[in-house]
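Below are two complexes that have subunit A in common, paired first with subunit B and then with subunit C.
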Partner chain A sequence: MDNSATQVISFFTAFRLADLWYLGQAAINTIIISVLAISIGSFFGVIFGWILAEFNRYLTVLLNLILDVFRSIPLIIQLILFYNFFPIIGLPLKPFTAGTIVLTIYTSSLVAQVARSGIQATPVPTRRAGRSLGMTYFQDLRYVVFPIGLRAMLPAWTGVALGVLKDSALVSVLGFVELLRASQILVTRTQEPFIILTIVGAFYFMLSYPIARITDRLEKRWQND
Partner chain B sequence: MDYNFHWRPVFRKLDQLIAAGWVTMEVAVLAMLVGIVLGLLLALMKMSNSRSLRWVAVGWIEIARNTPALLQLFFFGFGLGAFGIHLSPFLIVLFGLSFNNAGYLAETFRGGFSAVPHTQLRAARSLGMTATQTYLRIVIPQVFRIVYHPMTNQLVWSVLMSSLGMLVGFRELSGETQFLAFKTFRIFEYFLITAIIYYVIVKIILGLSWLIGRRLFRY
Partner chain C sequence: MIEIKNLKKSFGELEVLKGIDLTVAQGEVISIIGASGSGKSTMLYCINGLEDIQGGQILVDGVDMHARDTDLNKMRQKIGMVFQQYNAFPHLTTMENVALAPRIVLGKSREEARDIAARQLQHVGLGDKLDVYPSKMSGGQQQRLAIARALAMEPSYMLFDEVTSALDPELVGEVLDTMQLLSEEGMTMLVVTHEIGFARDVSDRVAYIHEGRVEEIGPPSQVIAEPQSERTKQFLANVR
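Up next, the complex of A and B:
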């Protein structure tokens, strides 16, 4: 009987190097879902922004009203609602799909505002001048509004994109194993929340901070143009 | 579709949800007030001449802005356990939100301060104003006008972020909803009503701030 005491199976093991690999894979999941949401969301967001800036008032008010809903309700509630709605109509979604769709809609509602102010950053006389020179409407958009608007909206857009990267942590609520969820799983096993949360925080920081710095620098450089 | 919506259990608990909505407002406003004080301090520290003070401020601001708010909450909730500090759910949310708000507001305030030209300060001093007078009558009114709108947005964010309290066991609007929803399994119904309550809270805040702003900045 005494011998068996030496064969204690330990359920709680300390943080190992393999866990860092696990976190790295989870970080890739975070990046995948964020990049998907940011790219698709920005695409639709720019279209919405264009509608908000250029179309007639009734359409603008209606679209604004709809987009405003996504900005006024916590993302976590949106995720839970969306994820629980589809089984009701008989189409259960995977956490990844539901999370990506919600994040995409959320991104597009935020980007729409940014894009609208970007388009409106071009003074009307400048655009009239372009049209007077014989540009078509879309040439005016492409060669006059786009270069000016891009510079005007880039800092705000980066802010939105980094916000979505950080908010993608909330998809963990649905059970998608991204960075934060992985940290929770590891904390359950290792019982070392402080170390693991610090490492995960460092992961997020390394993703977000360089982009923020580069944008700051670009913004400063463009001010002198 | 073989799902039957049951709204009655939700409406029966509506007063409980609205009471929880008040808790959300309270914690968000409280975190905002603490955030404003800390944010001002951080902004001043970042503009100060002491290198160590600047480093502390920059570290706080960048960590608050570049990591998810939920991670910050978890840090206050579970991370501090490593040092034997166990906070109540209310304090976890309050500290987490204040930490986050302070980081964002510090940058807002710094932008506001740097928007007031230094020459105005000197002009005011030349006219015989004391340093206190200069700050109270020349600098602060202008800074306040600049930061008023971003501060309103931050308050809205504060309300939205407080919903993360449900993941650390705080019974504010989201936490209460989760508690009730999982007792009755009317998850969709409960969260839809909660979403509407959040929407109303946000609209009330924006409406009030618009009214106050119109009154304050008439000129």
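Up next, the complex of A and C:
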């Protein structure tokens, strides 16, 4: 009995190896929510960007207005509003679902502007050259505009992706246990903020670094074009 | 045959073409000369439907280019176009630039498209540049690439829009030589140009366009050597 009592006490007073495992699982949650938000958000962002670049004024003004709302309101406020809105109408959402949806919309509103400028990076005469060869509108888009735009927008998109990865920490306010939330729990329990936050920082770095490296490499490879 | 009948084109309030009549016969090379802003280039864009028109008619092989039920993408395959800006696709090699349209528009296999591209690039003297990206080539080479890219679609007509205007003077010759080669092979060509020498030596007919109308048209021996119209005389005196 004595033995297990000391064990419990020591569990609460110091950082242990098992906590690293706990942080690792929280990191996986961060990865899941970020990957979902970045991939789905980028998909819709490119469609929105295409509408902004190519459709008539009335539609673009309206869409811009909506996207600006999501770009301008602090993410943390969007999260809390969205999460608390659904129980009111009788459809409570899990923190993970609410967080993913808000983060996805936020990402798409940022990527939309990046994609719009990417699409506009192809000069009109170049697109006309494509059309003059008999390409349809969508062939021109697929084989001329997108490849050129992708190269132009990659650095800006990387910035958005890295930003969203870090902003995913804000979902912790809804009670979803990702990296930041897990670290807070551990700090409260162990009273070792220095060690734990250093480890969490290292985790974020390990997640961000590959994104930065991969896009860096793509940029280098495309440079000879 | 390309038949242009009473073509009218406006940009908003500005009327650029005020009733152009012009017929290009098979195998004919016609040079279009005229001051900047006279509507020469706009006319070319109207022919292959890159610009819409406000009046008149353009028939290519008897098909009304601006009729509602005309398949423009199909018709454009017959009409190659080369632009003032080189407009190479910067993300593709020379070979890929030329092979792209035959593959995705004509549905050729990868190998067939590569063969066509290699042949056309050889044709314009770029046989040794197949795997080079356009940014690594001179303006003259990029313009010849644009010609090869248009030829790869095996068009019946070629439209040239001031293709030497953006080139350094020492690079103009190689592009004009390529165009002359095409004319000798019997290509039907409509050439908007400021190169009076080319218009004189290579074309069958020369048209002088002034403020959206054909002011004078005829063989170069007439329009360039002995212009009938005062305006043509004045224009030629200015460019020489």
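Simple rule for what comes next: the second predicted complex is superposed on the first by the 204 of 225 C-alpha atoms of A that agree within 3 Å, B and C clash if a C-alpha of one lies under 4 Å from a C-alpha of the other, contacts with A are read in each partner's own complex, and residues count from 1 in each chain.
The rule we apply is simple: a residue touches a chain if its C-beta (ideal position, glycine included) is under 8 Å from a C-beta of that chain, and two chains touch if they have at least 3 such contacts.
Note that this is a predicted model, so its numbers are computed, not measured.
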For this session: Report for A:Arg131: first if it touches subunit B alone, second if subunit C alone, otherwise both or neither.
Result: second
Exercise. Can A:Gln78 be said to touch subunit B (first), subunit C (second), both, or neither?
Worked result: first
Problem set entry | Touching partner for A:Val187 - first (subunit B), second (subunit C), both, neither | first
Exercise. Which partner, subunit B or subunit C, is in contact with more residues of subunit A?
Worked result: B
Exercise. Counting only touches as set out at the top, which of subunit B and subunit C does A:Asp167 meet: first, second, both, neither?
Worked result: first
For this session: Go through the superposed model and pick first if A:Tyr143 touches only subunit B, second if only subunit C, both, or neither.
Result: second
For this session: Could you pull out which residues of subunit A sit against subunit B in one structure and against subunit C in the other?
Result: none
Seminar exercise, completed: So, in the complex, the side of subunit A touching subunit B is made of residues 69, 72-78, 80-81, 84-85, 87-90, 162, 166-167, 169-170, 172-173, 180, 183, 187, 192-195, 197-198, 200-201, 204-205, 208-209, 212
For this session: Spell out the residues on subunit B that touch subunit A in their complex, using ranges where they run on.
Result: 1-3, 62-63, 65-71, 74-75, 78-83, 156, 160-161, 163-164, 166-167, 174, 187-188, 191-192, 194-195, 198-199, 202-203
Problem set entry | Interface residues, subunit A side, partner subunit C - complex | 123, 125-126, 128-136, 139, 143-144, 147-148, 151, 222, 224-225
Seminar exercise, completed: In the complex, subunit C touches subunit A at residues 45, 48, 50, 73-74, 76-77, 79-81, 83-85, 87, 89-92, 100-101, 104-105, 133, 135, 146, 149-150, 153
